[in-house]
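There are two complexes below, and they share subunit A, which is joined by subunit B in the first and by subunit C in the second.
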Partner chain A sequence: MSGAFTPVIPGSADASLPSPTTLKQVPLSGGPANPSAAALGTQFGPVVKRVEVVRGETTVYVEGAKLLDVVQWLHDDPGQRYDYLSDVTAVEYRDPERALQVVWHLRSLPRRRFLRLKVEIATGAPLEVPSVWSVYRGADWLERECYDMFGIRFAGHPDLRRILMWEQYREGFPLRKDFPLRGRFSRSEQLRQALSVNPEARYSMEELSVVQAFEDLPADMRQRLLRGERTGE
Partner chain B sequence: MGLTARPAGTGAGRNLGAPDASSHDSWVATRLDFLVNWSRAGSLWPMPFGTACCAIEFMATAASRFDLARFGMERMSFSPRQADVLICAGRVPFKLAPVLRRIWQQMPQPKWCISMGACASSGGMFDNYAVVQGIDTIIPVDVYVPGCPPRPEGLMYGILMLQEKVKRERMSDTSLRNEMDPDPSSGLYIPAQAIDELSEPFGNSVHQTRSGL
Partner chain C sequence: MAAKRTVEVALGTAGLDEQGRPQRAPVTVREDGAVTTLAPPPALEPALELEGQHMLINIGPQHPATHGVLRLVLELDGETVVRCIPHIGYLHCGFEKIGEYRTYNQIIPWTDREDYLNSIGNNCAFSLGAERLFGIEITPRCTVLRVIAMELSRIISHLVWLGTTCIDIGAFTPFLWAFEQRERVYELLERWVGARLTTTATRVGGMAADIPLGWMDQLAHFVKTFPKTIDEIDRVLTTNGIWVGRTVGLGVMSPDEAVNYGLSGPMLRASGVAYDVRRDFPYLDYETYDFEVPVGIHGDVYDRYLVRMEELRQSTRILAQAITRLPDGPVDTADHRVVLPRKSKAMSDMESMIHHFKQVMEGPRPPIGECYVPVESPKGEKGYYFVSDGTAKPVRWRIRPPSFLNLSAISKMVEGHLLSDVIAINASIDIVMGEIDR
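Here is the complex of A and B:
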């Protein structure tokens, strides 16, 4: 986290900017790019691999290793001020030759800009990208979801575990292209595993509120947490 | 299908007909049955387990136009401990399966279950990795209401059918009130093989099992 928190006051956006309107007659591709793309190019040089404009939205492909620097700069630089991370997700193409892409959607409320960052992970390379949790705390659950569905590891994330599927889910990463729609196990096995989870043992020590409330928990739950037991297998 | 694991010697299954000549219940018992069943059927308290779009239709059923209160169900019981009938409205993902099972176990006898909509009854269109293929693989179901979603009239018809069923119960048939204990090793009520067979892919979904890679 950088510096003091500067709240965005309505009407405080750069007065020279046009008010937001619905875009009309936007070309499918091409057109003016977000000025942040050019600024990134001058600031980071070869880290920026290419810039695409699709339907008026700018996508900047950057080098994975430098992603955190790029995001930090976009967040801090007074000319950019991307103060809102609206999504972290990934795209895998059906063509196995095509690289898997990790996508970040950034929005700058003061500058009224939207920027999409992409990192390409070539086939066979380890699925790992830097976590932007240190810049945007909101990335916590977004990255956990991305990890849960695609198996992409976010280096530097404080608590990277599954969020949608239960923690003992063993079938893999459901949104990957090699994942069969019905899952890998038979229906009865899936049901057996799901039912073996104890619905009341949802907590793990990582959950801050539980750590704080630890002394107030019932003795048996304290014991369970101390043994490091997770979702009650 | 052998959903109910009945103790041996409790007779030839559930008697759905009115107390008939072959039963040896006395006149007093049948009258008492009538009174108990009449009051039970007239004041079923539903536990709404609404997980998806069907729950919206369930709310419409409970609201003033269709008015579930006419059938003695005006009080939604959001605590399973005070509920008589669990209405599962919507799809149940595997992550929710132990929760549904636990809620069912927390409901006191006598209890019944209505599976509302295609998803709750069979998984519906969600033949995928995340959705339970019919809640009857987790808990016993009394009435299935088809539809996606069922219209309020459909749900009410299901409720009336359940009331019919309640009115025909006999207190002397203790097997009706057996808690069904799942197989301790697997946690399943019905044999694993039966579950696999019931949730075989059908129609288009046969092709969806392959990943294309």
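Here is the complex of A and C:
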């Protein structure tokens, strides 16, 4: 082994914490809740709607409008320090009456804690929640994917457009329960649409606008850019 | 910031300059035959602003150095990257959607195809998550077997990363050495589960098969001889002037940025943040194994290489400990909610046959609930999030893809670097498009 590199373990987690062990015999519900849930309750009061502990993981249901404040506080407060955003996703139940849930998985690396935040969007209400991009840059693609798959709009996201599906995709949002497993159109129709796409459409309008070779673009595309049209919304 | 690193450069360069790049010492031969070494020429004045247009360049999706169907649209000023817009989704298969129409054991083959360099590790991760959802404890023998499976798959994944990154940067020999060893691991997996790439090795509550006779001896032989190859690759690359010059100082992520961007795995640890799921949120009794979490200092491509090399050694260490502690006993749990009755009983006993039929046709039903179980995959924190409404198929099966978040930082990492460095930085992320696009 070369002397250039020696493995070290700096304490990114607080040294005072007991060393964690593998979870065994996790009960279905109940058990000790994450202390951050109680702290959120005292800090925000009625914004916290309810707290659940399922399989050892604490879920805090919060009011959608105040989500960014809650996340900002969890990130900044020296007692919480949730510095890591694990995941942003959504859950739609098979029961159409049941509210759609947007889920944030937060992690505190210094305190070794895990907290799940949920916002419920009742049936018929607009699918919009605040973006946490201003707190966690990692939310950029996660929120774009959630928008792409569920159609949930993240207010405040700087560049909310489709990410896994292409920008001209018009069939809807694939992970919604009303979206059929095989897609909305027949295979031949999907193929026809794929083959009829303008090759220039492979570049998004945003990319084309950054080049100074603007004059070389096809006339219709220049027109659309001049009208201020941007990505595939 | 941390102390300046010193790297011994072996291949005929005069060491590193202040920016960490290998210095070139020009050699002049005079007429009388004497050789003099001149001081390196002064750097060009950067003040000279050349007139010119920015250029739009498209790399991929069919480009060998993008490691799959990744497409990068680059805006270049000369050879310097001004802006990078990644495009993904060419391999999108809708795994999460398909999972909502499958029972839990039926989803396991899909996890193979998602991060296909870590297929057996995904199988174990999926089963761990499903078992938490069902409330099942696995047997001690199964626990150790899964540790062996996950560490073997970490070795495979890191070896493929090493080989392909060497090719990208221009070194061919380590690629052959790495793939030779990878082949040995695949032979082990083939003897165990019958497949090399698409293993489908686990079931909810156990494994598809116990290890065959003599398998542990073969594994022990591998564990004993494998470190020699790591040392060889280490000797060829770590102090190699070209390697150092192509990797040092590229794509730097500071610890704060790395955490904020949600990076994980070797990408995060190379930036100096010692977050390893195996140690911080342990599973499979990882806290009882003696291993170290290597971290880097500078967070550049070179540190990511060093971290992954050290992880290969640590995985070998874990494997050696797992070999000595493998207990006897059953592999599958005794919980009849998920485990099929023995075939002989299903053929002779009416109740067992009905049980077998219902298990296969309808699938086991977990209680209403949800759970998120992360594991340390070779790429980083991979988690499966399950939501169940009490039926045999999950309402939501979410994959938390580590490569997806690691790749999302590429626009920031390549900014201001040269076009040729984009390839090295992209290689250092260790992406697998199957996992990113899902």
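Everything below uses one rule, namely that the second predicted complex is superposed on the first by the 185 of 233 C-alpha atoms of A that agree within 3 Å, B and C clash if a C-alpha of one lies under 4 Å from a C-alpha of the other, contacts with A are read in each partner's own complex, and residues count from 1 in each chain.
Operating definition for what follows: a residue touches a chain if its C-beta (ideal position, glycine included) is under 8 Å from a C-beta of that chain, and two chains touch if they have at least 3 such contacts.
Keep in mind that this is a model prediction, so the values were computed, not measured.
In the superposition on chain A, contact is made by A:Ser196 with subunit B only, not with subunit C. When the two complexes are overlaid on their common chain A, residue A:Thr22 makes contact with subunit C while staying clear of subunit B. Of the two partners, subunit B and subunit C, it is C that touches more residues of subunit A.
Of the two partner chains placed around the shared chain by superposition, neither subunit B nor subunit C is touched by A:Gly41.
When the two complexes are overlaid on their common chain A, residue A:Gly31 makes contact with neither subunit B nor subunit C. In the superposition on chain A, A:Gly156 makes contact with neither subunit B nor subunit C. By the touch criterion defined above, A:Pro96 lies against subunit B but remains apart from subunit C after alignment on the C-alpha atoms of chain A. Of the two partner chains placed by the overlay, only subunit B lies in contact with A:Arg187; subunit C stays clear of it. Of the two partner chains placed by the overlay, only subunit C lies in contact with A:Glu57; subunit B stays clear of it. By the document's definition of touching, of the two partners only subunit B reaches A:Glu171; subunit C does not.
Taken together, the two structures place residues 94, 164-166, 174, 179, 181 of subunit A in contact with subunit B in one case and with subunit C in the other.
Contact residues on subunit A toward subunit C in their complex (touch as defined above): 1-2, 4-5, 7-13, 19-29, 54-55, 57, 59, 83-87, 89, 91-95, 103, 105, 109, 112, 114, 116, 136-142, 145, 149, 162-166, 174-175, 179, 181, 203-204, 206-208, 210-213. Interface residues of subunit A facing subunit B in the complex, by the touch rule stated above, are 94, 96, 164-166, 171, 174, 177-183, 186-200.
Listed in rising order, the residues of subunit C touching subunit A in the complex are 5-8, 53-56, 73, 75, 83, 85, 88-89, 92, 94, 96-98, 101, 132-133, 135, 137, 231, 234-235, 238-239, 257, 259-263, 272-275, 279-287, 292-295, 306, 310, 313-314, 367, 369-372, 374, 381, 383, 385, 387, 389, 391, 395-396, 398, 400, 404-405, 408-409, 437-438. On the side of subunit B, the complex with subunit A involves touching residues 94-95, 97-99, 101-102, 127-130, 132-133, 137-138, 182, 186-188, 192-193, 195-196, 198-199, 201, 205, 208-213.
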